[in-house]
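Input: a single structure, listed below in structure tokens.
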């Protein structure tokens, strides 16, 4: 394990995982995972498909309760029994499946679970004007120009939908921001915006957990790299310890990929 | 790019009329208008004020329940015990008022507590066990049906409770729940007011409050909404209690109005509530629908039921006509939506 | 269009009636397809045909619906209404509306005791309880002690009254059994199991003509020797009585409960005649057994007994 | 990596017993065993051969329908007209055989053609209009209910068709549809054989044929399955016709066995079929379930209905006990699944 | 429009689009799109989120009927009224939403709609042994090692699920293979495998339509690049006409991205 890249970390980490494990019936999805999420740092979780990355972040965000091990928030052990509790602790998450309600309007999805209200007593109502306004602004800031925030999310394109989920998490993330493959369906420009968001959040002192398969995305922003393989940890590296090429090789599970480009480029015709 | 573009080149211009037609309520409004036109054209009594009062009366109690059931369906659940629960509350009002000689308001309060408890139990069982609400509420439906009969016979020795009109406080209760009011010289039942009130409140809650947002979300995708922090279990339990509260209102109206209650009151009505909600545009799979639509669905059903009588069609074929009218209403609703779909956003 | 609330005397030209013909409405609490009420309906329609008056038959088992149907008839300003009163309190308002509108009412079947109070011009038929008593007395006379009363519709007041009456006539409580009229195969199995579980049952009283042959088969399935008796008639019951598998049937002659009120309303409309002098016109109960069954066999098969 | 690893380090060892318990059928089998044990322990007649024959009889016709309805539910649809359609077919058999004096086999064939046509109509309307099957089949349910009564009265003047036993060919029909066979000296109804047969065929079709694959897919996600080339409309229509065919079988059995048919036969039974399928593990939202489970669900219902009678519990409370037993069955089913969930794959 | 990169193209193209447009009610999702798909070529469709890429491929695969314009198969106009017809014409598609049934087993999903059968007459049944076998083999070839092909698809990780959809399309694709962001959820290694598959299919003379947001994926395999923006075509380029850098700039909608890496890398602490 590395000791670098915690210059900003004073005292206890925001989140700490100790020997976390998660089973689904007979399926062992995670086993013996330990890492820390510190304020002002981006922790990248890397790994092959099915390595257990999403399962890990669902443990962090209160969706799954770990079968084994301990989760510490600000140094004190916690057990989130619902995502609500994690949210209340300032942990906002972009799930890989986005957690959106297809039939509901964009602005309703944006504020779902954290609706702003206006008025008082029995006349306290959902402040829809504000909600629509904020939604439109936040999406525009991401470079997403939706036709109408009243449009049901189900009719959005894959990338538009993902952008809404990210904008929501960024808007509500208070202390920890967790992003599960946030850029997978995004265009080059939108992906750039998301990377900038991550850097911004980090600079504001949030702890960020970032999952991606793209080494070109992971390397520039990551401070620590947690490597998973088949549910187990292969190690936890600081940025200084790895180059982008090493990272790519590690993300590919150690296989050699350098020849791929040539191989693909080979002229098939003639 | 990037700024909310009001005049977006990717959006074709669409007339207001088409945009209106696509709303779920307006879809079922078309169904209602078709049925209304159909019967009005053929029966002069149907379209007279007294005829209107008559079919509005039929629609009103049905409508109160349909609106509550619509909320529950939008939230992704069924309540098969809703019908028989109107009987349970009506019988409770009767038994407490007559057998135990209580003031009728006390009896109504007792029935309310009981109804809310049953609703909470339904909701708790559904959220706790994760079993489909269909099967849980079917079990409570059967149990309540048995309780209604068993307890009524235990307390009265017969299958009906009578003499509610003699209970203390009856007159004030009658005023609130079972009186009539006059419009253009025609007496309308006060239940119509309750129905409109229920529709208005439900619409407000659905569209303008946080809770309404949660209802749509829980019905649309329970896991996703829990993941973003919606208290799905609480929402579900509240919805079951809302249905129970509506059953309590309808049961109290029945008890006060009829002054005697049969043990099998309400049995079998639960399906009609669901039908009204579905005519009104609610999805059976949850996450979509409207309270106004459900109220209009109840209206379609009420008009059809009485319209057939006014046309003096053969009673043997009553159900045939009822089915045919229902089909007519939903098909015309759908045809209009198809036409308006060009306006779908 | 609106009901004319002033018309105190019967007039031939109500809003719903065409060219001066009389138009009557029959509103009962029977459910659609019920064998008993089907005969009432036939009687009423036949009377309409015979007398040249219009008769519209409607029914619903839910008292609130029944009252709404009565109100619909009042709105149509018919010349007379025939009502069965299983639940008189619930109909009080609607019948008051009829009276205010000057529409004469005849009550049928149950509710004889409240008929006059509600201003009806007459009552035809009698309480189901009395019919039940007839059956109970007959069973008692035959020495039956442990009687099973098969209720085919839970909570139906008329059926409960029949069983209650049977208890009174028998002098001891009958045992109730619930079955579903719409699932007669299941009903047969249920009666069988009851007879298997309690071999001491010595008579089965069914409340619907369709259930009687089922009960007879169930008894033979269970190897029970219990006597089978029933309310109401149909072809199957007649055949069963002839074959001896059903011992007797209580016949309320409900055809008259449909037919007579139309006659009474017509007489009242044309001549202000009333029938019964404030008392009920009784239509039964008659007992059909092996001795008299042959005389009415054809009529029952045609559905008028 | 890369090769199918049989001994995968990511899979914990799980006993066969737990793995078996998790199948939907075995879940409902537990429910059935609990109910069986409950009543057998208390009633000696219930567990006797004649008792078994008795409750198997109740379960059998219910089971035939439940299995077909389960297929339809797995395919993502409801058929509320299934119950009344058993009445329609039974009445058709009666009217054709008695009124038109045809051989009973001819009458059965006519009823079959009619049933399949109604099933196809249901399916066609559902696929064509895209309206929920709940509302479409509710309309056909009401229409058929009216037709049954109206036509029966038209043809017979009464509310029943009788004298089927006198029709030519009756004896062979009785042999096939309504005879009994002897096991250990106890007579069992032949409907039990039909029930087992229907369950076996449905299970085979579901799990071993292309069509079965399409049924699961259509119910699981209709758009996705259409996108990969599943003929979803054809599958849906076939499923509705299957339910109609089952109703035809049950209707024919009823007509031949009772020899006289009431106009309201079957009304209200549709819910019980759905209940049996749901007890058997079918999801109301489609895409999941089993035919064996539905058959077991019918068994649970049949045993409960008769068991209550065998225990001679007060008839007034019949529905209460029925509901309580139903809850007992599904809750014990669920408890077992929770325990076995460790084996979930 | 370009004229290059059709060396292998003899005679009519496999698929040709002429002025295709698609509206959803008042939403104009596509307008005036023309392009060709030739045997032995990879046509990349590029564009921002919500540009209409998925809508375009749904028109090709028979899911949507175009509102305007014409689709030609082997030079003859066609109107697919259902995806089945496109499949029967040899067009296999990986949809962005994958078109999988979550509750069904992996092998059942794999062969859904094209079930192999065995036996004859009424005893013709789904050949499940073959189906399981093929499924396991095809997934292993993609580097996906599922625990059990009987597992419901709903319990797979995002990338595993995508792999199943790709393996299925590759297995059944006869003449045209359409892939809508197939690599979005995939690990580096699996993405490499998919790119190799695309190259293989091309070499076997299939026409391939490939949608991606990753210029590192698009450039090596693409022969033609169709650029969409807000539902309209920005042009149709042959490989020789653009470099990877130009491509990246084009995919980002012309925005400047070079500084992004620096910006992100800036040390926030101290």
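By written order: A, B, C, D and E. Residues from 1 in each chain.
The rule we apply is simple: a residue touches a chain if its C-beta (ideal position, glycine included) is under 8 Å from a C-beta of that chain, and two chains touch if they have at least 3 such contacts.
Bear in mind that the values here come from a model prediction, so they are computed numbers and not experimental data.
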{"item": "Any chain in contact with chain A as well as chain D", "value": "B, E"}
{"item": "Minimum number of chain-to-chain contact steps, chain A to chain C", "value": "2"}
{"item": "Greatest separation from chain D - chain, by CA centre", "value": "A"}
{"item": "Centroid comparison with chain B (C-alpha atoms), farthest chain", "value": "E"}
{"item": "Separation of chain B from chain D, taking each centre as the mean of its C-alpha atoms, in whole Å", "value": "30"}
{"item": "Distance from chain D to chain C - Cα centre to Cα centre, in angstrom", "value": "35"}
{"item": "Centroid spacing, where centroids are CA-atom means, of chain B and chain E in whole angstrom", "value": "48"}
{"item": "Numbers and ranges of chain A residues touching at least 2 other chains", "value": "24, 27, 97, 145, 147, 155, 253"}
{"item": "For chain C, residues contacting two or more additional chains", "value": "32, 154"}
{"item": "Sites on chain D at which at least two other chains make contact", "value": "1, 10-11, 145, 149, 153, 268, 314, 316, 318-319, 345"}
{"item": "Chains that touch, pairwise", "value": "A-B, A-D, A-E, B-C, B-D, B-E, C-D, D-E"}
{"item": "Partner chain D, residues of chain B touching it in the complex", "value": "129-132, 134-136, 138-147, 149-150, 153, 268, 271, 274-275, 278-279, 283-285, 314, 316-324, 326-327, 330-331, 334"}
{"item": "Of all residues in chain D, those that touch chain A in their complex", "value": "1, 9-14, 341-345"}
{"item": "Residue numbers on chain C that touch chain D, as the complex places them", "value": "32-35, 38, 42, 151, 154, 175-178, 180-186, 189-190, 192-194, 196-198, 210, 213-214, 234-236, 301-303"}
{"item": "Complex contacts: residues of chain C adjacent to chain B", "value": "1-3, 15-16, 32, 41, 56-59, 61-65, 67-69, 71-72, 74-77, 87-90, 92-93, 153-157, 160, 164"}
{"item": "Contact footprint of chain C on chain D as seen in their complex", "value": "43, 45, 50-51, 54-55, 57-58, 61-62, 83, 87, 145, 148-149, 153, 156-160, 162-163, 253-254, 257-258, 260, 262-269, 305-306, 309-312, 314-316, 318-319"}
